[in-house]
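First chain A sits with chain B, and in the next complex the same chain sits with chain C.
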Partner chain A sequence: MLRRLVIGAFRPSGCLQGAARLSTIAETNTAEVEQISAEGFQSPMIVSRDLEFPTNDGRSRMAWVENMDTVQEKKLGMVDLHPDIFAIPPRIDMIHSNIRWQQLYRKVNLVQVNNRAEMRGGGRKPWQQKGLGKARQGSIRAPQWVHGGKVHGPRAPTTWFYMLPLHTRLYGLRSTLSVKMAQDDLHIVNALDIPTNDPSYLEELAEERLWGPSVLFVDDTDVAPENIAVAADQIKHMNIIPVYGLNVFSMLKHDTLVLTLSAVERIEKQLLFFMHRSDRAKLSEIFKTDQV
Partner chain B sequence: MAVRGYEKALGLLRTLPRVCLYNIAPIPGSNKRSKRGRGQHGGDKHGAGNKGSKARQNYMRIGYETGNWPYYLKFPFEPYYLGHHLKRQYPPLSLGQLQLMIDTDRINPKKPVDLVQICNSGLYKINPQCKHYGVHLTDEGADNFTAKINIEVQWASEPVIAAVERNGGTITTAFFDPPSLFALTNAKKFLESGEPIPKRMIPPEDAISYYTDPKMRGYLADPDQISWDRLVLAQKYGYTLPKIEEDPDYEMLTFRKDPRQIFYGLEPGWVVNLIDRMILKPTDPELKEYYKG
Partner chain C sequence: MATMKTLSLVSGSGFKGLRRRLGIDLSTKTLPAINSVPVRYARFKSSPLVSSDPSKYTGFEISRNPEEWKFVQDLLPEPVIKTPSVKPQYTSGWKPQNPPADAPYFIQRTANHMLPVYRVQGGPDKMTIRTKVRYVQGDIWALDEELRAVVSRAYPKEIFKTQVNEIAGLIIFRGDYASVIKEYLLSKGW
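Moving on to the complex of A and B:
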């Protein structure tokens, strides 16, 4: 695996996407990686971190740290990632339930159709009950009449709000990150600084590195660096969000996900905290819709 | 090393098209809509059988005996239920569950364990309003209990005490009155309320004998008697009692609350200000006198 990884790293850019994609998954062997890095790179950097809640079964994940300040990709080093976040069993159904929830919970129906009581008029019996040979009728707004009231029409406001269980929300985020990681659609950069605010720079960079046309940049801060903010603002399929806005829908909507190192740190911290807190059951109580 | 199943799945994803909004799906058949079938698709009686109360959904009321003089009217008085709504209840927690909590880092065995730690694990449910007076530590899983802890519970039996002490741990049975239990079971809520920590009341008359019994490691029992009974119990159950005097955690293992105290490290009468992170102590001599005795 490591050999393939190193070949992937040295392969000239612009090769087949499948081959270039080998760059992110690796099994940890820090000594070997360090040795190879020292041979291959001018300034090797292993960003080793103390992972919270470490796994005790030998699982590990590492990823390359790339730069953004040149169009050509430079590998700045490697970073440890938590396997419980970036390499969990990919559950497509969990991702689907998250997407469905994100689309539904904010939906509100504002269309209302009047029923027979709400229509104007219709209080008078249109004709007598007997003697005319006609069918008996009680109101001109009865539902069988043209311009009558509507039975069981849409009523406003109707909400589709529901709360997805915390576990499913967490699993959806972790599953999506793992899927992106496994498909090499997840890239980690040291910072979002680019030398110019020209949008063509970002487009060239994405094309050069075989990032899909649409890219989602995630940073830890609310305020993105000026150059990338101006550049990405003019490209509709490149967007920047802070870590607290990270969601399954946006990650899947964009082809490539680009995280900064500080974003990785924050995402891991938040997800691990919610995965391991002991009062998780109490958090969802206020959202119960079937309370007696 | 064998390749784990999810590694195969992640490896498979590398050869598959990119997962996006348009190629995800739920597990087939997972969200089945409930429909009332017609004809051959579950129609006819709709699974309710032929005739009778089940088909008509008019179930007999509970206790109705199809015309007999019902049991609950025939015997209106059952003496063994006398005052059952007033009896103290102790929701059980087994030693096996406790060991699991310790193994999964829900409880820290390096510090004294009491009701606060057990409730904060999120795995133990207790409601003082339902006459719940604390933890009953049961002996299920006693053979596999290996933790060395200093635990304070409200009820324990002899084999449970033996299982804890065999590992070099210590156990105390302690009584808490309902106001103290409200504070203990939801410590954060209590401290945020800004009330002074109440003093623990003495046990009721029928519980005095249990909590002063050294065999039950009662918190009101004589400590010398307890250390004697620890030896007696070790001989009865046939294990050698580890010497806690030589234990590096001796301080922790012998740490006890005052009979009037509720929280470890906090005395009755104190007010904890969580916002400013400070403790306010009473200065009035009358108050001091009240909380002391």
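Moving on to the complex of A and C:
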């Protein structure tokens, strides 16, 4: 009950429908929240979340929930984070293989070098076989000739696409989130609502809170609130992505990672599901480019 | 042209083999036009029903009763691996984790609730056997020392080496000691 009210109180009144997205939180009653706000909600408060797949190793991670509607930071409460997502020993090799994969899988080689058949000319035997004391030659486009064809040159288009194993992808995401958490570059906010669409507001906010300079905002929805969308659009190093777009490359490219509460909930749910799903063995088979 | 040839071969009197294979004399039949689109019998939608009489088919009714749905759900595979229910003893011999309180390290069970101790065969002829202990948190060097003592107690004459990867939480033994290590860790409550 308390948890429900606290989460409800975190969200500005215009964004209450967002609270219902949190999977562990039931329908929020607007009247209850208004009553609590009127009574003067005592913040900060600790929000205990029911973590799925709890660990029994004594690790726990908590993070402050901050606001975005003022430049000055207000600590609205604390949330529990799942240690298997936000507190694993970071595997730098896993992060590297993710980065390498993200840079390579979209690459297509467009460089092509002609072989002797594709070169112009070269059909005539340059000189007779015998009698000249010279080495026998059959074509001026043979590979040993200057301006001859190339043997086994690059052929276009060749794709660099490959699929990283599922668990390497998962470990990369978890490692990067843990790195960001350990380096104090991960911030959790209640919502991405800001009072103005002026980009200088975001810049001031980042400077005041020692964020960035580059900041990546992650929300559960793929439609951002209008003010922050307009403001971040004018700052090239501040970007907004939905949860399904979260990736290792973008997290490392930006100095600070800002997650909304619902984004944290969704990230944990998705990653834990993939870590514990019963058909993992089938998913971790080697990806075949030729599916037929 | 080719089609005409085929037709003449089929209807011709001198080609008995093909006619026998086809089973029927096509010379008297009306053959479809060359440009007509054939019915694709491989697609079930284009296949005609066996009978237009619905009483010839097995009857069914659509139920939205949650009590009945439970029986269907029992047949569906679990999406995630369930946490085992608490019992005093399990017929499979599996034991739930009951870690000692004073250990400087922690060994996390796998997603399948099993000990992360593996026997791995490698090398060019798959004859190099290693034993891996994974998901070790905390003081991995303490566990390494402890397990080496256990293994050398079980195999006093064998010379073996271990490799500790602290970042990955991984200990690798050269040699096949999986059963000894598993037995020891289970006896300790891991």
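The criterion applied here is as follows: the second predicted complex is superposed on the first by the 242 of 292 C-alpha atoms of A that agree within 3 Å, B and C clash if a C-alpha of one lies under 4 Å from a C-alpha of the other, contacts with A are read in each partner's own complex, and residues count from 1 in each chain.
Note that a residue touches a chain if its C-beta (ideal position, glycine included) is under 8 Å from a C-beta of that chain, and two chains touch if they have at least 3 such contacts.
Just so we're clear, the structure is a prediction, and the values are computed from it rather than from any experiment.
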| item | value |
| --- | --- |
| Partners on chain A (chain B, chain C) - clash or fit | clash |
| Touch count on chain A, higher of chain B and chain C | B |
| Chain B versus chain C as contact partner of A:Lys150, first or second or both or neither | neither |
| Partner chain(s) touched by A:Ile95 [first = chain B, second = chain C, both, neither] | first |
| Touching partner for A:His167 - first (chain B), second (chain C), both, neither | neither |
| Chain B versus chain C as contact partner of A:Phe273, first or second or both or neither | second |
| First (chain B), second (chain C), both or neither touched by A:His237 | neither |
| Chain B versus chain C as contact partner of A:Gln183, first or second or both or neither | first |
| Chain B versus chain C as contact partner of A:Arg116, first or second or both or neither | neither |
| A:Asp255 touches, of chain B and chain C: first, second, both or neither? | first |
| Which superposed partner A:Lys74 touches (first chain B, second chain C, both, neither) | neither |
| Touching both chain B and chain C, residues of chain A | 89-90, 92, 278-280 |
| Chain C-facing residues of chain A, complex | 55-59, 89-92, 273, 275-280 |
| Chain B residues within the chain A interface of the complex | 5-6, 9-11, 13-14, 16, 18-21, 24-27, 30, 106, 120-123 |
| In the complex with chain A, residue positions of chain C that touch it | 77-81, 97, 99, 106, 108, 111, 137, 167-169 |
| Touching residues on chain A, where the partner in the complex is chain B | 21, 25, 87-90, 92-93, 95-97, 99-100, 176, 178-179, 181-185, 212, 249, 252-253, 255, 278-282 |
